[in-house]
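You will see two complexes here that share chain A, one where it goes with chain B and one where it goes with chain C.
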Partner chain A sequence: MAIYNKHVKIGSRAMAAEGINNGMIKAAEKDDRIIAVLEDMGFPGVGWFKENAPERVIECGIAEANGAVVAAALAAEGFIPFIHSFAFAAVSRAYNQIRQSILQDRFNVKILGREGAWGEPGISHNHIEIIGATRVMPNLVIVNPADTVEAEKCMMAIADYIGPVFLKIESSPPPLRIFTEDYPFDIGRACMVKDGKDATIIATGYMLTEAVLASELLEKDGIDVRIINMSTLKPLDNEAVIKAAEETGAIVTAENASIIGGLGEAVATVLSENMPAPLIRVGIEDEFSQSGRITPETDELKAHFGLGAEDVALSVKECIAKREALKKRK
Partner chain B sequence: MTEKIKCRKCNMLLYFGEEINRRLYMRAIPSEKTVLGYYNNVCPRCGSKLTLQTVNIETEGRKKWHTTKS
Partner chain C sequence: MAHDEELIRDLEKKANIVRRNIFTIFDASQMGHAGGTMSLVELVTTLYFHHLKIDPQNCDWPERDRVVLSKAHCCEAIYAVLVELGVLPEETLSTYYCYRSPLQGHADRWCTPGIDYSGGSLGQGLSFAAGMALAEKLKVLRQPPSEGIVKFMPRYISRYNPLYRSYCILGDGECHEGQVWEAAMFSAKYKLDNLITIVDYNKFSLDGPTNEVMQIEPFVDKWKAFGWWVAEINGHNLREIADVLDLTSNLYGDGKPKCIIAHTVKGYGVPSWEQAHTHIARGEEITRGVIEGRAKYGHI
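Moving on, here comes the complex of A and B:
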């Protein structure tokens, strides 16, 4: 029986978007400088804004580059604008405006970008390059909450933090509820969900659910894995990575995104510069996403890209084998 | 070359980004004191007073050869 961190209680599946909505409303109630910048795609807690603060809603339409500049101008005047759209539009379509108008002056703008690697929207909207595309941008904090509880706490935390933040929202399928209500979320700090001695899975976002399920599969084979939730992708919690490599000697990263420029590469850099250890990156290879059906029984893209718990578990076994092979070579 | 400023009491991240004194011209943020001023010199999480003595300032990533020219 796995022993989890005291702030972990694995529950049923719940949409992380619920936590985003709750967090947005709580943050907007607390701070009336928060402005909702819409890009023709609704907004978390939009009902609350319409009822309580319609003057704090600006609809920019399908003009995301304009939305980014409007947000920068609002931040320059002391407001805290939250932009919400699909990640491919909110970030990639407005990349230059975010770079020039928000990040170079480090304006206090929060960008909520929806969709990860899979789902029905398809090749255009399933923006798997988003972690790599944002990690290279100076001054930007990147967060990717794993469940509904963390999503809510994350929203509150980014509202308190003064500086630009990109929050990756994975809208479907619903992840497991993992954290308890008293879970202390900190930007920049990884959370050890479960300790283990044989290998470490470092997961971000929805993939924490698959990591938890993978550890249950591995437990049946007598493999005791550590699970780390890396919800802040930048700044990365280097110390948690180094400690995991030192204590378990085999690392598997799991992300619902391209392995190029993503969590796996960030972890690889930390390992190679500080504590070399065998690493396997679970994620999407150098290809675009597609359209996939998600039903309670089927998740076409998860299976297609090999991002399920079985795939993570297999990668852990391969990584342990790599470590043992390296020992023999020495 | 990034810089982090954290509240020493509760460890809340108050600043992450370019090393503040690194830009030669057109500094968006002139000093660490400016950052603390954005928070009205009070940590939003634990309420402790923010001064240069009550925060941790970490810079990382600069390789030695980047500094030998100056």
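Moving on, here comes the complex of A and C:
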């Protein structure tokens, strides 16, 4: 039986969006500087805003470039605007606006980007390159919560943090409930979900669910993996990565996004500069997504991209084999 | 409304000082956005030395009027004004484009006191100015009435002044950007009557005549169709500029954002730049322009 961190209790599946909604309302109740900037894509907790503080709802329509810069100006005037839309719209459509009008002056704007790395909407909406596209932007903090509990805590934390943040909301499929209500979340700190000695899986967002399932599969084969939840993609918790490499010697990263520019590359940089160790990046290869149905029985795109627990488990075994092969060469 | 001769004479003097400061900047940097900077001189002079509610001693005064230079490549004109206001020391004029200088290549809020917006990538400034205007409305909503500015406007409009106004300076070529029109829609929707946009309509963008590069006409009708109050003026006539700016203040309370289309001449005041519709001047072109300008407006 696996021994998890004391703040972990694996439960049933629940949409992370629920946590986002709750967190948004709690943060907005606490701080009246928070403004909801809508881009005709709804807003977490919008019902609360409309009922309790309708003047704090700014609807920009389907004009994300304008929305991003209006939010920047609101932040310049001391408000804390939250923008919400699909990531391809809120971030990529307004990339240059975010760069110049928000990040250059480090304005306190929070961008909530809905991103179904896989799912029904297809190639346009499954914006798999978003992590790489945002990681290169100076002054931007990037978070990608793994479950509904973390999503709620994450919302509260980014509201308190002073500076621009991009939060990736993963739409589907729903992740397992992983953390307990007393789980302490800090921006920039990775959480060791489960200790292990044979290898480490570093996962972000939804892929923590697959990592947990993979570790259960591996346990049956007698392999004891460490699982790290890397919910902050920037700044990365370098120490957690270095320690994992030092203590387990084989790293597998798992992300629900392109492996180019994503978590895997970030971890690779830390490893090669500090503690070289064999690494396998599980994620989406250099290709666009497409539509794929998700039902309780099947997940067409998860199978297509090779992002399931079996795939992660296989990569762990491969990575361990790599490490052993390297040892022999020495 | 009519402004006395003395004010106009004072503004003329200030405009010449601003021009001389610009020549000092260009002389030292040997490069600059000469055309679009010279076409702005009278507009920014009147704005800063007659119209704006600002405190040069306290650039972060929360109730100061905001100025967003959306065509941020023409920041030389604003730097020249800030030096004359005493916000920036005169020595900085020779540091344009230099490392760690407050005179960055494009206006930068971090580096330069008195700059409200970091621009460069065109078409975003109006959104920012609109956001600041909207913030003013939100702030007033949260203030107990007695704490707001309670100075009454002229008798025919019994409205309070806004806490501050938001001014945006757009280029004409910049209006090719779709975002300008997103912001125009947004400003009308939120009835931002505390937002005043001045378009420096100097008729030329980098590749040629603005309306040939991409037609923006019928320009006045466009703004009107977007729900704005629009005025057209000669952007080099100090009296017209002062009149229209003061009129926009008096119209506060009508629920409409204001657009002032200022017809200007690119490179105004420097014959060789006017003739060539100079965008960026370098080397020989800038040296000749500075000599011509100094011959006309004097040396510091």
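The rule we apply is simple: the second predicted complex is superposed on the first by the 329 of 330 C-alpha atoms of A that agree within 3 Å, B and C clash if a C-alpha of one lies under 4 Å from a C-alpha of the other, contacts with A are read in each partner's own complex, and residues count from 1 in each chain.
Throughout what follows, a contact is a pair of C-beta atoms (placed from the backbone, for glycine too) under 8 Å apart; a residue touches a chain by one contact, two chains touch by 3 or more.
None of these values were measured; they are calculated from a predicted model.
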Partner chain in contact with A:Asp105 - chain B first, chain C second, else both or neither: both
Chain touching more of chain A, residue-wise (chain B, chain C): C
Partner chain in contact with A:Gly188 - chain B first, chain C second, else both or neither: first
Chain B versus chain C as contact partner of A:Ser272, first or second or both or neither: neither
Contacts of A:Gln97 with chain B and chain C, given as first, second, both or neither: second
First, second, both or neither for A:Asn52, with chain B first and chain C second: neither
Contacts of A:Thr298 with chain B and chain C, given as first, second, both or neither: neither
First (chain B), second (chain C), both or neither touched by A:Val70: second
Which superposed partner A:Ser124 touches (first chain B, second chain C, both, neither): neither
On chain A, the residue positions that both chain B and chain C contact, one per complex: 104-105
Parts of chain B lying in touch with chain A, wherever the complex brings them together: 2, 4, 11-18, 28-29, 35, 38-39, 44-45
Footprint of chain C on chain A - complex, ascending: 32, 35, 55-56, 58, 60-61, 63, 65-66, 68-74, 76-79, 96-97, 99-101, 104-105
Residue ranges of chain A touching chain B (in the complex, touch as defined): 104-106, 138-141, 160-163, 186-189, 234-235
Chain C residues within the chain A interface of the complex: 108-110, 116-121, 123-124, 127-132, 134-136, 138-139, 141-142, 178-179, 182-183, 185-186, 190
